[in-house]
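There are two complexes below, and they share chain A, which is joined by chain B in the first and by chain C in the second.
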Partner chain A sequence: MKWSKPAVLLVGALVIAGALAGLTGVRTATSQAVTLKAVAVADKPELNPDWATWVKIPSVDVQLTNQAVTYPKGGGTVPAVSLKAVHHENTLYIRASWKDQTENVPSIDMAAFTDAVALEFPGKSAVSVPSFCMGQPGSGVNIWQWKADAQAGAGSAALAKLYPNGYADSSGFPEELTKAALYQPAFGLGNPVARTDAAVQTLVAQAFGTLSAAAAQDATGAGMWRNGEWSVVFTRPFSAADGDQAEFAAGKNTNLAVAVWDGANGDRAGQKNVSQFVTLQLSGELVKAKSEDWGALWFGAILGGVLVVLGLAALGWAGVAGTAKERA
Partner chain B sequence: MPAVHNWQLGREMTYRYDPAYPKLQFAAVFNINRCIACQTCTMACKSTWTLSEGQDLMWWNNVETKPFGGYPRNWDVKALKLLEQSNPGKQTWSGKPGGPKDAPYGKFDGKTLFEAADGDQQVVSGYIPTDEEWTAPNIYEDTATAYPKQGVSLPEHSAWFFYLQRLCNHCAYPACVAACPRNAVYKRPEDGIVLVDQERCRGYRKCVEACPYKKSMYRPTTRTSEKCIGCYPRVEGSDPATEGLPTETRCMSVCPGKIRLQGLVQIGDKGVWKEDPKNPLYHMVHIEQVALPLYPQFGTQPNIYYIPPRWVPRPYLRQMFGPGVDAAIERYTNPSREMLGILQLFRASQQIVFSYELVKGPKVEEVVVDGKTREIFNDTVIGFDSKGKEIVRISVLEPFVERPGYLNSI
Partner chain C sequence: MALQLTRPVLRSQPRLLAAAQFLPTLMFATVAAALVELTLLRLLSRVAIHIPDVPALRGVYSAAVQAGTVTFPVAALLAAALVTVAAMAMLPRAPILAIPALALLGAQAALLVAGESALGTAAHQWLLAVALLAVLFYSTSRRMALFVAGVGVAQAAGLAQAASANLAAEGGRALPLSVAGAGESLLLVTLLAAPVLVGPRRWSRRDVIAGGVVALIGAGMLFGNASTARTLALWTFGLGMPLPALLYAITAGAMAATLIALLRTGAIERAGALTLIVLGGFVPPNSYQAGLLLAGVMLLVLEQPRGPATTD
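Moving on, here comes the complex of A and B:
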């Protein structure tokens, strides 16, 4: 059987991709009985989806469905989100990534919506495990929501950039006045959606329609869109400044649900892609001491290496054959 | 979904919430016949409430030119189209106008915007206008419908346009309240004014999408939606300029054309106005039925009432104000003594007139209108505030004062 050069190249690429998949430990969840392990890392993670150590951390895929429980129903364009988690010095870091062909970061467009992602945890004061559907009275949830438009600092700055010669009657007023409740009420009243200095809002809820700003806005995050994929990192210390928020501890399990909004689909509010609760397991050990995971990684690395060599050999053979053919 | 009574439609309809009515309801009557589109109302509102960054495309009050103008562009055509698509050919009325106050215009047999919605993604059928549609609020102004070779004459002009003055209708069944998934929009029990809580709003724009009149608007600098606040500090008398008395809004009180009269009407069972014949708004809306709601078929039971323009082709007006148009124009053209007296109250006071009294005067003139002889009496109308104190006294005939002669010193 003679293989053409493009076919050999394709097989080689697939072999390399397979090896990389083995290395990064991606596995697809078939149900919501998923456990996301947050391993302890020695180096302080960066608030950056491209932080070098993330490639060494195993990920889990969590399936998402359209939100079909309450008004406004919607979503359905993002089938899954990939999660990774680490912790370092009593601080939790979670990285979420998902496929999205369009980067929707509206600045001042009144009919456009932003891409966004949120993580949901049981609140510390919850008397039982809350419903993943925004919690219930007495058992609330803590939500960290990252929004692309908030990260881009939309708002006044975007307006000034788009319309450099624009003028409002309040333009000459001092900033402390224009940002006051009188002229920008949402900002003046401390509504977190009006903030332009934070990409992540820390929220609490105890039922549908009760989502409110947490007393302490202490979750932070950063995201980036590249080649049809969003990657967003969230972080927050294990203990929050207020009791309605989630509490984490090394060696303990809690729950985590994810929601993704696709701006191009008009997603906002309940119009979103949602998961059920999955288990978030915070290990007590450092990443280097995780023999089980490292065994899998080494296996993947050795297998990958072998396959890469095979692939390259195949490419070399194809090249030699091609050269020989040209000579003939 | 709960059922509520919509008296403007003469029937029950579905709404997202159980009925809950304010004690008093913000309401107004606009006399379209008198408007000159000077936009003084528009600028009074703009310079009071929406002068800041991010509110550039926001006009809580606007005056647009019908039939081609609209802010945002084609807002009413689009809402009507949504209804027509959902219920083709069946958006009709039955019965007759002139009925009791829980069904004064007969019965609407079509679908409201609440009934046309899917209930999943929308509880009110609607759409979000684009930035382009919010710009140029007066595009197509003064565009005539035809260029007849001869002039035009009443009762209907063949070339026509008219000005439509618009603000939030502070509806009895607000689409914005129904649409907000987190109760950030609410209707005040004391005066029926509808507000967006700027602390709770998360900028989902469900209210912008739902409001058929498009009076909920998104502010990109704070990422929240804002709307007409009915100048509530003036209406409740908490603004220092009101000296504690319920006062008309900025847009109402500045009107040079004297087309606007604002009030607070009492609401009774099933959201129907309480019997209050000495309230000038009650008299115009329920006794004379001379002022009609804007697009009652939307189903929100809006609270700005319009005296329709006399010269406009009736089918257009019936679509816009319902089946009561013909009788309303007839009663406006040949007003009763009470009606002529009430018309004098328009813009006679900045304070809200809660009741009026007519003191009969002598017959002063006979005029012929549309072939009918009409008698004019110089009656005097007196307006009273919420406590029954007289705030205005004005006669039908403008007082004639002859100034004594004098020598010009220059």
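Moving on, here comes the complex of A and C:
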């Protein structure tokens, strides 16, 4: 292998420039991942997966795999999740839907696990794009997790459904006492896990094992299971309540990853279906109806590609023919 | 008829021809940087959970991942430079074939400045597919043309599916994932045939044994710790693995045997080009790996002697 001095100098300059880019966070490559485009809508969206305008919004399918990096590993029963996104008056709405033949809601039985879905974004204060595996120190992630059992409420109704022949031989404490913080310390202290009025938890993490509730629980959501499919809508204002959470702005891009738990498969904690980061593009343009002309566009793109390749072949062949003629 | 469908060398462009002198050094540096990045960032950082929680080990791990983070932009710049120089080396003989590669570099720069968008990413993927297919017409031997065609068509199928998924963000309809699966299957068959299509004429027993050992290790990983191995195959090389796992292990062995045989026989340029194609992965998830893939394919055809057309 012959090495020339100018080539060595060029490589040296590129190595120095690349190292400086790495140390200063200057980007030298772009992601080619799927892009989810959030368009603006004129009407205020409803926190309802059946909101009429969702039909007009293009969906993007994101592939999922089983989580195989940390224990408990597993998942793999949900191959893909379909995403749609809009924004209205500086508030982001994201709709996630996926196939699930069984509706698994209550999780108070020891052997039962709930269906759930979570969205993950880089935290506002992240200095670089975090690892989609719960981020890393200095580059944390913000997670919104919706759980079917949290939406249904895990109260006495769920207990009665699980144990229909159950019998209480004591009335326990007076009702006014059971609502007091003294008797429900987790609820009284504001532990988000003990909340029964919110289907979505806002979480932050900076690596495996650091997942915790965010200071502000400002993401909300609602889900619905019908005909073997879950559909869940998340929403949160663009502005983050603290630096650990994600920040959004029209005209700017960020990243988004998805996790889905299939209760029927025993999914919980790390046992889940995960995606890598996709690009979330917050477009300033207003929603328009789906185009029906994409078939023609695809035909044109493929035909154009074929013509380009054939044109290259013809030009190249002409060159070879010209050379042969000159030789003759 | 061989696929030498290119223009003769233009003697009036000595500066462009001089670009070829940069290729060996740039290729070696790019392969080295990409291998370091692959080991530290794409592999080590993803299996960190398996490292015992010993402070000394954690310190080494953090330092290694930090080094990988710095190596990534180095490798990305080297890959872009390698594509540029390879396109310039191609210009005198086949200016039309080099244009898609140069256009791809322009698209990468535009995406870096303007930020990713659904349409921009789809356009980049379309350009990469065209650039890969265009290189096919630079091939001088039938076997090489078959290999480059296999890689190009397979990647083009996967890229078309990925581009359609991005266009879906604009209201289009995504092509089914089976299109990408078909592309991956074709790529696997092509790589499996690498020993015949791009390997050396003379093989030694050691090459075959080394390939067999790699295939056994691959099979052990895929059957012993299938979930981790499959996840790494998907995240690192873009392989969804629709075919039996054993086929992937055998393909890894075939590629390893080919690379070792090429290095043993002194065909370093061809070995480097094949390594870049492997490191680029199937349907590159970022512009850096797209550069590795395209550079590998371009170097593969540039490495051939430019004499009269041969048919092997």
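Assorted remarks:
As a working rule, the second predicted complex is superposed on the first by the 222 of 328 C-alpha atoms of A that agree within 3 Å, B and C clash if a C-alpha of one lies under 4 Å from a C-alpha of the other, contacts with A are read in each partner's own complex, and residues count from 1 in each chain.
The rule is short, and it goes like this: contacts are C-beta pairs under 8 Å (C-beta built on N, C-alpha and C of every residue); 3 or more make two chains touch, one makes a residue touch a chain.
These numbers come from a predicted model, not from an experiment.
In the superposition on chain A, A:Ala269 contacts chain B only, with no contact to chain C. When both complexes are overlaid on chain A, the residue A:Val69 reaches chain C alone and has no touch with chain B. Legend: residue contacts after superposition of the two complexes on their common chain; A:Leu47 is shown touching neither chain B nor chain C.
With both complexes placed on chain A, chain A has more residues touched by C than by the other of chain B and chain C.
By the touch criterion defined above, A:Asn253 reaches chain C but does not reach chain B. In the superposition on chain A, A:Thr210 contacts chain B only, with no contact to chain C. Once the two complexes are overlaid on the shared chain, A:Ala111 sits against chain B while remaining clear of chain C. In the superposed pair of complexes, A:Thr279 makes contact with chain C only, with no contact to chain B. The contact surfaces that chain B and chain C form on chain A in the two complexes overlap at residues 68, 70-71, 73-74, 208.
Residues 1-4, 6-8, 10-11, 14-15, 17-19, 21-23, 26-37, 58-61, 63, 65-66, 68-71, 73-74, 76, 80, 128, 131, 133, 208, 252-253, 276, 279, 281, 288, 290-291, 294-295, 297-298, 301-302, 305, 308-309, 311-313, 315-317, 319-320, 322-323 of chain A are the ones that touch chain C when the two sit in their complex. Those residues of chain C lying in contact with chain A across their complex are 4-8, 21-22, 24-26, 28-29, 33, 45-47, 49, 69-78, 80-81, 94, 96-97, 100, 108, 111-112, 115-118, 121, 124-126, 129-130, 133-134, 137, 160, 162, 164-174, 177, 227-228, 230-231, 234-235, 240, 268-269, 283-288, 290, 309. Per the touch definition, chain A reaches chain B in the complex via residues 68, 70-74, 106-111, 113, 149-150, 154-156, 158-159, 166, 168-171, 178, 181, 183-187, 189-191, 193-194, 208-212, 268-271.
Residues of chain B that touch chain A in their complex: 47, 51-57, 119-123, 128-131, 134, 181-183, 198-206, 208, 217-224, 226.
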